[in-house]
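Letters A, B, C, D and E mark the chains as written, and numbering starts fresh at 1 in each.
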Amino acid sequence: MREINEMLKKKVSELLENGTADRIIGWQAGEFCYDVTPAVMRKDNLDELFYNGFCGANQSKYLIQESLEEGKVLALLKPCDTYSFNQLVKEHRVNREKVYALGIPCSGMLDVDKIKALGITGILSIEDNGEEIKVATMYGDKTCKRTEVLQERCKVCKGKEHKAYDELLIPDEDAPEVPNGEDRFELVNKLEAMTSQERFDFWRGELSKCIRCNACRNVCPACSCRTCVFDNDNSGVAAKSNADDFEENMFHIIRAFHVAGRCTDCGECSRVCPQHIPLHLLNRKFIKDIDEFYGEFQAGEDDTAKGPLTAYTEGDCEPSIVMEKGGEA
Amino acid sequence: MQKIGVFVCWCGSNIAATVDVAAVAEAVKGEPGVVFATDYQYMCSEGGQSLIKETIKEQGLTGVVICSCSPRMHEATFRKTVEAAGINPYMLEIANIREQCSWIHKNKEEGTEKAIILAKAAVAKLNLNTPLIAGESRVVKRALVIGGGIAGIQTALDIAEAGYEVDIVEKQPTIGGKMTQIDKTFPTLDCAACILTPKMVDAAQSEKINIYSYSEVEKVSGFVGNFSVTIKKKPRYVNSDLCTGCGACMEKCPSKKTPNEFNMGLDNRTAIYIPFAQAIPKVPVIDTAACLHFKTGKCGICQKTCSANAIDFDQKEELITKEYGAIVVATGFNPLKPTKFDEYQYNQCADVVTSLEFERLMNAAGPTKGVLLRPSDQSHPKKIVFVQCVGSRGQSCRDHSYCSKICCMYTAKHAMLVRDKYPDTDVTVFYIDVRTPGKNFDEFYRRAVEEYGVHYIKGMVGKVEQVDGSLKVQASDLLSNDQMVLDADMVVLATAVEPDPTAKSLATMLTASIDTNNFFTEAHPKLRPVESPTAGVYLSGVCQGPKDIPETVAQGSACAAKVIGLLAKDKLLSNPCVAHSDELLCNGCSTCANVCAYGAIDYVDKEVNDHGKREVRHIAVVNEAVCQGCGACTVTCPSGAMDLKGFANRQIMAEVDAICK
Amino acid sequence: MFKIALDKIDELFAALSGNETLYLPIEKSGEIEFYPYEKDAKVRLDALHTVKSAKDLFFPQTENLMNMKLDGKNIQIEEGRHVEDPFVLFGVRACDARSFDVLDKVFLADPVDSYYAARREHGVIVSMACSRPEETCFCNVFGIDATMPEGDVVVWLDTDHLYWEAKTEKGEALTKTVESVLTDSDSKAVEAQIAATKEIMDKLPLKDLDLTRFTEDEMMNIFNDSRWAEMSEHCLGCGTCTFVCPTCQCYDIRDYDTGHGVVRYRCWDSCMYRDFTRMAHGNPRKSQLERFRQRFMHKLVYFPENNDGMFSCVGCGRCLSKCPIHTNIAKVIKTMGVKEHE
Amino acid sequence: MSLNTKIDTETIERISGVNTRKCMKCGKCSATCPAFHEMDFHPHQFVAMVEKGDIEPLMKSKSIWNCLTCFACVQRCPRDVEPAKLVEAIRQAVIRQAGENHLKAEQIPEMLDSELPQQAIVSAFRKYKK
Amino acid sequence: MQVNETNTVNTEEKEFTPLIVAFCCNWCSYAGADLAGSSRLSYPANVKIIRVPCSCRVNPLFILRAFQRGADGVILCGCHPGDCHYSTGNYYARRRMTLLFSMLDYLGIEKGRTRVEWVSAAEGAKFSATMNDFAATIHKLGPNRKLRDLRCEK
């Protein structure tokens, strides 16, 4: 990590220096080692550029705004970010010309909530040694395994190949290994195998926690609408709170439906949920269904392919396939 | 707030017997917006219609709900009625309380309750209706026909006959298409050239028809009635206006070794050439790949020879942009080249030919002057084997899945012609099925078998081998369960029909759709067979699917009738229930355009005023003249920017709410 | 002071929930919130924070104000409130306990918000001292003593006992109803624990946040500070900070058409939202910068200015751990606490 | 030869992965078959008879031992029916039944021929014996 | 015995009459419904039809809205695939509905509360049979309790 950090700083200052881009959207250190913030920097304050294992957030959505501004912006894209980037370019939300995409390697990013979930509180500093994470806390030093505290998306990493870039910090084949991908549909399969009532109870339990803060929506690179239907009083479905269980269901069904076929499975929705609702399991259900019904499709794999909901084949399965599939009634 | 009048029709006893119409009228009086409600015996009668008109005026209604039969029955009637009384025809909603209520329910209480709910749903929707005005667009009174084969010629002649201008774009140096290469036509065996060339001449001489030969369509924009098409005229290097078609240049041209496309490469032509004697226009073209002047900068004999001074080596490609009201696709086909069928030895053996090559070998204007000679040694073949379904009806990657439709008949024709001309020739046809639907078709095939003694064997050829200058054909005879090896002097392959390779790019330009085989798709497979789903684009001939000549001509004329119907209009009134994009909500993601079957959605960079913030945004704009109002875009649009007039999200939700009250 | 052994604590909860609803931190689907006590509920007194703060009990995220019934074209209006039931709110931390003072300034000032007032009146607060603060805690900055929270009753936990002390009349009355399950205790264990906790508090990384600049004199300087731009630049405009905040008190009032009437309800709103305080002419704060600045100006400058110096932040640290991009009030205090270009 | 279990269309189609209903009865498989004249049932008949369920005669036929598995029929079939796989499946069905080895080790010496490649004997033994 | 059993069923039926919303495309299914009407082929009165231009006009929001407002079943009818008046609309509708229904199932909503049927303008009998069958299915499933809005209950 330290090595890459050095390379990154050098490369970024070179690109800003030679005018390839006039600013970078990078990271700024926070109060604690984990509370990094996205920040735009220019030549004069580039020394603030910070990069560590907590710089995992998908920044591609910021490029919508950034690519409207004057000059070229340098974006740091991890392999997984490039999927969202492609998708945004495909949907004309990001002006490709205004972005210089620097592909950076990644060997998995950390989730501080997972560290806290292990009962480690009062965190003062964190040291990431590749395999082991050392945490200094107000209540003594703790350690945990890196694999235990990886972000959800990293556990099902799509691989180290960048799907879009102008330049790579290091060639993909020389990049460090990515975490071994778990089966990303494991939990979806598990839910599908439940009875209908069990699934209902599971999702009620989860969705009833929703406080409708819209973090999942606002962070989502696919949710790039200027005005969301749920904010538009003329849509007939706008609301600011879940006044009834139904609204919790509706918000999350429609949120997932609107990104179906466009969601790259970046997992930001679940990462930012203050209630840790596994929202990615809704998106993954759509992804799994699309793969099964219409053939494997990975949104953002490129910036041209037609999405599965804007395509069809004459022999597509009928909706009644749902009656035959899934768990018990 | 609307002022709504509700009119409940008895339809005699059709409704009144199972629905308490007075109760329905009474029940809706309390609904928001309703200021008047009544019932009447026959709303569609003159009395009923006057009642509506009078009430509109007396009460100052802004909208009308009629509870009656299906809107599919009388919506148009009542739209006219309310319009006559001065309100917008789209401020009308119909509650279907006959077909969907009184006729299917026996219990009056139940029927009345349902009728009330349906009426309330119609009121709820109408409360959100806005007046809609049908858009108008002009119609350019000129048609473009892409492709100058028999399909295109027929369509162009028929359109011209009705008095409209037609332009034909043909990529070859001459019009006429594949039919010019055919010898005789089934089932009458009349000479193809004899029936085609007069039509070519008619087309050339028509004042209304303008032929762009050796030209291609470069770009298409616009929509029904208002297409703008850029045509690329490739340089012939011969000035058409000066050329007299005397042919002296061809005689003198020293480059004589180019395979002659017209004769399927069975003989050679010069670098400057007219494809065939009856070509239209009868103006030569210089093949720059073969011409010594273009290759070496020397020569120029043709220029010296030409007494009309028509040779122009400096001619440049020309782009012409013209407007059209309608576009006809008549791009036709090409026969499959059986290079991947190694078992038939087409690549290796000159005496294995395709059916079209065989046509040329039999044609009096062909390379052998009509004498059937083997290409390998110019000897007369005594044994000929025909193989059907080459490249058709298969599922492997070298086959097409469809039946090419015409091969059975032309093979029977070939077999018959050979036996007629050379009775000492032994002719065998290997077939899977013989398909002869068509007037006098089966009779024709039976004549080949019974009168002309052609051997028809059910079974396919497994391989062809060349042994000592003769061919060994190994095949199965399924009916006698035998495998046979036949000696043959010549093998003729009935190769599949393939859409012209330009179909795909043309379809993209026209936003017309093509199927997996690259045939153009029709707007409706049964009811709109000569229209493409894109308004103003029509289909003629084999570009839509394999056809024989009579069918092609029939479709060409049908297509012309559709075009004439369009061009006869001065203005096009569009259905006002079309999609509309809210420019402040649109993200410009183009998802809507991806699902639009009509190419009705364009993207423009437009300055918008978003609550005081002015900025240029890339947003969707619906072309109302092209949009058909299906609503596919409205659902695919995540932001809800796209909505459908007349069936808006809020309107449908209001109906849902009213029904579920 | 009373005490009860922790292994008998269910008796206390049973007694407290005997006559009225008892709300306390309960874990459901992996997260902890104040839920009504039930026999097999997973009570989590060890948890420092619930996700939503305790304000939800007095100022719920959604509450019906009135129902309107349509009869033909007549409208009948009915009271829609459910605010009269007495309840006990158990396990409120010192920060949340102070938040009620902040909310009182808003909702109990004239004109009194009768919905809030009724709930305050009918609720008894049993607050709980902290013994294991986290790195995000900075209540001390606002003069809050985490070991001695405000409340009708205060409880302390040590490894095996809960200590109980009534602080108000309401608290005394509540104590009477549960006296039977409590035993008398001296305060030694509590004092020892307070001392230990204070030592930990001294190690808190944010304990020295400096609020001295946030005064009326500096108001315009802070307002016009150019550093708001970079701080707010990447704010997602979500409502997470607002909805987890114990002192945010903005709400929206909306009507919902049920098909047979209209429910008028109010729900939390967030000043971070684009449509916050949108009026007929549009929105007074058009950019995220303005919205972002408003939130912190309100908490750190405007509110204390109007309320005798009381900041409307209690240092609970929820926004620090929940903000998707880790922009938070602590960063704002640190940045704006010093003059620009210094 | 005794066949103790009834083999049906479904079994053969499952073993072979062939869908016999795709056949359009063109006979190209038989037309191309180099072992046609050694066979009592021909490739196209395998397809038709399996489709009909007429499998027992095929199991008793010499064709299954005479098919060279050259896959010419598979290569040439315009509808991807793959008749050779059916032949193989029937051969498998026969071999799987006890005592139905077509070739026994002791028979080999008398079949030896100096022209015959060693590999052919080994592969035949593999193909014709359980 | 049997008479008694029928009686019990009848009383239950009276207790629960499912409310069914049917979205029908204008060109095929709405015409099919009209044909059912003119052929006097009955189906339950609690099936209420909403006319839409094409099955692809139906937004998942409309279906959720119906359940929110108290519908017990929602059915979408359109032209048979390949016969869409707008040539491709029902293909998109088919994908959208497949995914939506699958999601509802995933959330534990009873399968069978939603259905898509392709009914042509000539299939009046099919329309009526479909509605009868769907109404029976919903009746068996009982009232929609999992996807309703309590505020909308009477």
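Here, contacts are C-beta pairs under 8 Å (C-beta built on N, C-alpha and C of every residue); 3 or more make two chains touch, one makes a residue touch a chain.
If you're wondering where the values come from, they're calculated on a predicted model, not measured in any experiment.
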Each chain counted as touching subunit C and subunit D at once: B
Indicate the lowest number of steps between subunit A and subunit D, counting one step per move to a touching chain. 2
Label of the chain whose CA centroid is most distant from the centroid of subunit C: D
State the chain with the largest centre-to-centre distance from subunit A, centres being mean CA positions. D
Could you tell me which pair, A-E or B-D, is linked by more C-beta pairs in contact? A-E
Subunit B-subunit C separation of Cα centroids, rounded to whole Å: 68
Report the inter-chain centroid distance for subunit D and subunit E in whole angstrom, where each centroid is the mean of the CA atoms. 53
Roughly how far is subunit B from subunit E, centre to centre by C-alpha average, rounded to an integer in Å? 36
Rounded to the nearest Å, the gap between Cα centres of subunit A and subunit B is 45
Sites on subunit D at which at least two other chains make contact: none
List, in ascending order, every residue of subunit B touching at least 2 other chains. 595, 636, 649, 653, 657, 660-661
Check each residue of subunit C and list the ones that touch at least two other chains. 256, 259-260, 263
Pairwise, the chains that touch are A-B, A-C, A-E, B-C, B-D, B-E, C-E
Of all residues in subunit E, those that touch subunit A in their complex: 60-61, 64-65, 67-68, 81-82, 88, 91-92, 94-112, 114-116, 146-151
What residues on subunit B touch subunit A, complex-wise? 584-591, 594-595, 603, 610, 618, 636, 638-640, 649-650, 653
Subunit E-touching residues of subunit C, taken from the complex the two chains share: 256, 258-260, 263
Would you pull the subunit A residues touching subunit C in the complex into a rising list? 30-32, 34-40, 57, 62, 113, 116, 121-124, 137-139, 205-206, 208-209, 211-215, 217-219, 231, 239-243, 268, 271-272, 274-276
Could you pull out which subunit C residues touch subunit B in their complex? 72-73, 257, 259-260, 282-283, 286
